[in-house]
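First subunit A sits with subunit B, and in the next complex the same chain sits with subunit C.
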Partner chain A sequence: MSYRKLVLLLAFLLIVPIAIFLVYAFAQGWFFPALWPERWDSELFLRQLRDPQVRRGFEQSLVVATGVSGLALLLGYPAARVLELQQFRGRGLIYGLFFLPTVVPSVATGIGLNIVFLRLDLAGTLFGVMLVHLIPVLPYVVLTLGSSLAHYDRNYEHQAAVLGASPWLVFWRVSLPLLLPSLVVAGVLAFLISWSQYVLSLLIGGGKIITLPMLLFSAASGGNYSLIASLSLIFIAPLLLLLGLVARYLGSPATGATPRP
Partner chain B sequence: MAKWRSWLGLAPASIIMLGLFGSSLGYGIAQSLGWLPFLDQRELSLAAYRNVLVGQQLGGQWWSALLFSLWVSCAATFGSACICLGLLSSIAERQQHYRGLSIVSNLHLAIPHSVWAMALLLMLSQSGILARIGFAVGWLDQPKDFPVLVRDRWGIGIILAYITKEVPFLLLIGLATLRQQGRAYLLVAQSLGANRWQRLRLVLWPLLAPSLISGSFLVFSFIFGAYEVPALVGVRYPEMLATMALELFLNPDLQARAEGMAVSMLMSLIILAVVGLAWRWREQR
Partner chain C sequence: MQATARKRIWNLGLLIGLLSLIIASCGSNTATPTSAPSSTSLDLSNWTSIEQAANGQTVNWYMWGGSDSINRFVDEFYGKALKERYNITLNRVPVADTVDVVNQLLSEKEAGKTSGAVDLIWINGENFASLKQAKLLRGDWGQSLPNSQYVNWNNPAVNLDFGEPVESLESPWSSAQFQLIYDSAKLQASDLPRSYAALKEYACANPGKVSYIAPGPGAFQGTRFVKQALFEISGGAEQWLGAFNQQLWDQWSPKLWEYFNDLEGCLWREGSTYPKTENELHSLFANGEVDFSITQAIAGAGSLIKENLVPASARAFVFDDNMIGDFNYVAIPSTAPNPAAALVLANLILDPQLQAAQILPENGFGLGYGIDPTKVSDPALAAKLASAAQQLGDPATPASDLAKSLRSDIAAEYQSLIEQGWDANVLRK
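So, the complex of A and B:
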């Protein structure tokens, strides 16, 4: 297969699911085995958009994912700098600490933390859910920023410092502009890992916090295809939007986006 | 001074990670050993592990879930690794940059597994899009003529969902290697007269093997412990270990919690062993 064809095939495979969701969400009276719906209607989709439960799920997902991204960048950036730019004993150990949670299943970490969070009165709170989402999110933020820092020339910072810039000015005028693509990509990555998280939200949210994946799961067990399709569209719309905005950064190794199974 | 400052940057992230992960591990182990303070039960025992491994009720369920998890993870990992290698070998020689492929593969990684599984369900179920097409073309007379491909007892739906989802991941891992060193070696081999098969076997495979094999271990360990896809496009029997663990844990009978913990601990232990083996293998090379 030629390179072009492969890229086109993968792009096609991205469009197919979205097309399927669109058809199922807007089709009316589409009974098996009809190949094409009798008519199109946006009624069901709009009803989902207006549904208070869906709105609440969307809002809480948004609050959690945005909060987690901010928190992860705030915690992850200084950590990645130390890990990548300095030599010290125990560096491998710290890397291990950030690597382990990426392989231990979230079912295992979630059921372990369920009681801990209940005792700390964090279960069923938005902050508790954000905190637990840091387990899958923070490692990828640290790894992404770390691998971008490997391409980073620190001498620009030294130069600014020699010329008399304060540490804050150095960050604001030198490091931030140079690392912006990577910080943006890490933030988007954090958002989407948190946005897609089901098991941890379920185990810590305790039914009080409703996120979109939970609504999708309950729709899936109900088996109403047009409902599943509508929710899937609502679920992935913000992700597509965000990714569209950063897509051009994703092709460059200097951004450091760490792939995730 | 410099030492102290450097730790300051690392401390918050490490402390939070260690706190969350450590307490999860600690409480997980304690509860799997029967320490259930909310039931006023504080005696430690291996009863939950015994019930899970050889118990009358759960023993059979555990072993069949273990086998099923191994089958699904191995099949999906092997399938996606082979497809990825095939694709990379067909493009490696003609390409200098991989920008487009890397963007589109990254976009694939952004689709959540749960949504991907739902798309597969709408596509492949017995009243899905493919069945409708089959009907229109005249291959089927009724929905049940269409093969059960999702929510089937062999886990075909789960495996298909994972293969299609993990190929882009492995492509990205492979591209990272190819980008650094691939083309020059292949061109040298070509000018020395190596044919296509020789180039694949003697140049491309040795180049890609380390990263592709470590990537496959990550894929395996992810699939082995993931909950979403088997919960959405799997069946209740046979089920995977992750769904068994969570169901036991959410069981209204609080005694089942210890058993759910034991299942999840054993499952994590297997994953850690596999990852540890992969790590040692990489160190030795």
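So, the complex of A and C:
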């Protein structure tokens, strides 16, 4: 099979679930062996769009995911820089520590951290939820930025510094443009991971913070396919939009191949 | 340059280490209670003072959120009334499983919080027992609400929650009774099995067209299905009432497993797998794989039809005997941040007008009365309750059938014996 066919097959596999959501969100009373739903109805979907709970969930998800994405870059960029561009004792160990959260199940960290966060009065706050999302998010941000920095030529920065640029100017005019694609990809990745967090949001949010996945999970526990599909569409729409916006960064330069001189 | 950079990193590491130490020690210091307990100051004998205290509060009601129609009923009927009558804002917090709320409350206790996030919980059964055991529920109010006069607290189905004494820790919301659902487009009412014995005959005459929900924690419907068979096989439910009786169990349980093992070969997929939730069974039923589903709603199939979960021709029915009925409740955690508003809401739930609204399938809730309609003396309200009961329509089981077959639940010890016994003697055999 040629690569082209393989890519088409993959695309098909990725599109089918979305098509199924579309059908189920609007088909009402569709039972086997009927070939066609009893009727098509957008009422349930539109009601979810108007529902204050869903709107609040959407807003809070948006705030949290955006915040996490910013925080993750703020913390992840310096970390990745030090880990990739400096040689020091214990570097491998620290790199490993960064990846520990990907191995430990989030229920375990979540339950323990909930008690700590409750004591610190961070539980039930947007900031608390953002902080806890950083645990699963940071490893991927550091990995993405790190692999890009592995090919990064610091001589450009030295050159600018020699010519008299301040460290801030060096970052703004040299590092940032060179690393932009991987920063964008890392930021989007952070957003995606935060957007789909359930267990950690549930535990740390304690019901005061309601995110879309929490609404989605509680709907899923009821087994009403139309409701689940409607909420799923609302859940994936911003992600598709976001991916569309950054599509040009997602190609080959994504994980690091900034052009070398 | 390399050397200074390295030094800087070590300094940074040291700084971070110190910072985290400071944060950690702050954490353990604040473990002592920080906010004053607000729960003790409410005077339930002076209801007006409670309503005044609740004015302007937000009540955080944590409840299972899997049904769009129940969610809407709560927002439209309680949310609006709370705002208009008492200036209370309802914050309905949907959870996928009530055990999440139990865990939240246990974490809050662990962290030494006296003011938490949860004001009211929709609860019954094992979650109630856990919270009662952990002493996490407010206990001075259930039988003191003004509308509590409409509740029949002498009914063991009300004052025992899965065999656990309710005391004043909960207040009822609604009632439920075990029923089956069939499709009137496919089956005649006269052909329906009306006992467990007849169900086995039906299943073996129509192999693969019957299934039931696997008993187990979180699937009380399945446990109840097996428990009712125990009533029939042992010759009646009366002997099972009262305290747990090991001898009686040892006498009849082998016969019970015999029945279910005989039935197994005739079941959907020959009993190699069972639906785990009511909704899985509804889905099998709606798609014509099995002939019967299970519901607990007084509106029968009515609310399910409205939600498009089952075909419009679905109807509810009961066996001639041994159909277990019970109540579900709301409870207030002792750490509720807005206990006054929670009390007002718990009282509002028992308002006869809203009770009449909750049983009607078109309003989306569809469970039965939490109150006893005969205790409502106001003629207009009593008429409203009676007329609502007459408007349930075809998808509901006739009230006389329900009453004739109604049995109350039995001691909690049988619950786990049935769940473990079924797992060992039926599922794994």
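We adopt the following convention: the second predicted complex is superposed on the first by the 245 of 261 C-alpha atoms of A that agree within 3 Å, B and C clash if a C-alpha of one lies under 4 Å from a C-alpha of the other, contacts with A are read in each partner's own complex, and residues count from 1 in each chain.
Methods note: a residue touches a chain if its C-beta (ideal position, glycine included) is under 8 Å from a C-beta of that chain, and two chains touch if they have at least 3 such contacts.
None of these values were measured; they are calculated from a predicted model.
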Inset, instruction - Answer with first, second, both or neither: which of subunit B and subunit C does A:106 touch in the superposed model? - result: first
Inset, instruction - Check the residue A:11 against both partner chains and state whether it touches subunit B (first), subunit C (second), both, or neither. - result: first
Inset, instruction - Go through the superposed model and pick first if A:116 touches only subunit B, second if only subunit C, both, or neither. - result: both
Inset, instruction - Return first, second, both or neither, reflecting whether A:53 touches subunit B, subunit C, both chains, or no partner chain. - result: second
Inset, instruction - Spot which of subunit B and subunit C makes contact with more residues of subunit A, would you? - result: B
Legend entry - Touching partner for A:24 - first (subunit B), second (subunit C), both, neither: first
Inset, instruction - Would you sort A:170 into first (subunit B), second (subunit C), both or neither based on which partner it touches? - result: neither
Inset, instruction - Answer with first, second, both or neither: which of subunit B and subunit C does A:234 touch in the superposed model? - result: neither
Inset, instruction - For A:145, decide between first (touching subunit B), second (touching subunit C), both and neither. - result: neither
Inset, instruction - May I ask you to decide whether A:35 touches subunit B, subunit C, both, or neither, giving the answer as first, second, both or neither? - result: first
Legend entry - Interface residues of subunit A shared between complexes with subunit B and subunit C: 32-33, 82, 86, 88, 111, 114-116, 217, 220
Inset, instruction - Enumerate the contact residues on subunit B facing subunit A in the complex. - result: 3, 6-10, 12-14, 16-18, 20-21, 23-28, 31, 38, 87, 90-91, 94-95, 98-116, 118-119, 121-123, 127, 129, 131-133, 135-136, 140, 143, 164, 166, 168-169, 172-173, 176, 179, 218-219, 221-228, 231-232, 242, 245-246, 249, 260-261, 264-265, 267-268, 271-272, 275
Inset, instruction - Would you mind writing out the residues of subunit C in touch with subunit A in their complex? - result: 2, 5-6, 9, 23, 26-28, 30-31, 34, 60, 62, 64-68, 71, 75, 92-97, 100-101, 103-104, 107-108, 110-113, 116-118, 277, 279-280, 282-283, 286-289, 307-309, 311-312
Inset, instruction - Would you pull the subunit A residues touching subunit B in the complex into a rising list? - result: 1-3, 6-7, 10-11, 13-14, 16-17, 20-21, 23-24, 32-35, 75-76, 78-79, 81-83, 86, 88, 94, 97-98, 100-101, 103-116, 131-132, 134-135, 138-139, 142, 192, 195-196, 198-199, 213, 216-217, 220, 225, 228-229, 232, 235-236, 239-240, 243, 247-248, 250-253, 257, 259-261
Legend entry - subunit A residues within the subunit C interface of the complex: 28-29, 31-33, 44, 53, 82, 86-88, 111, 114-116, 118-121, 123-124, 202-203, 206-208, 210, 214-215, 217-224, 226-227
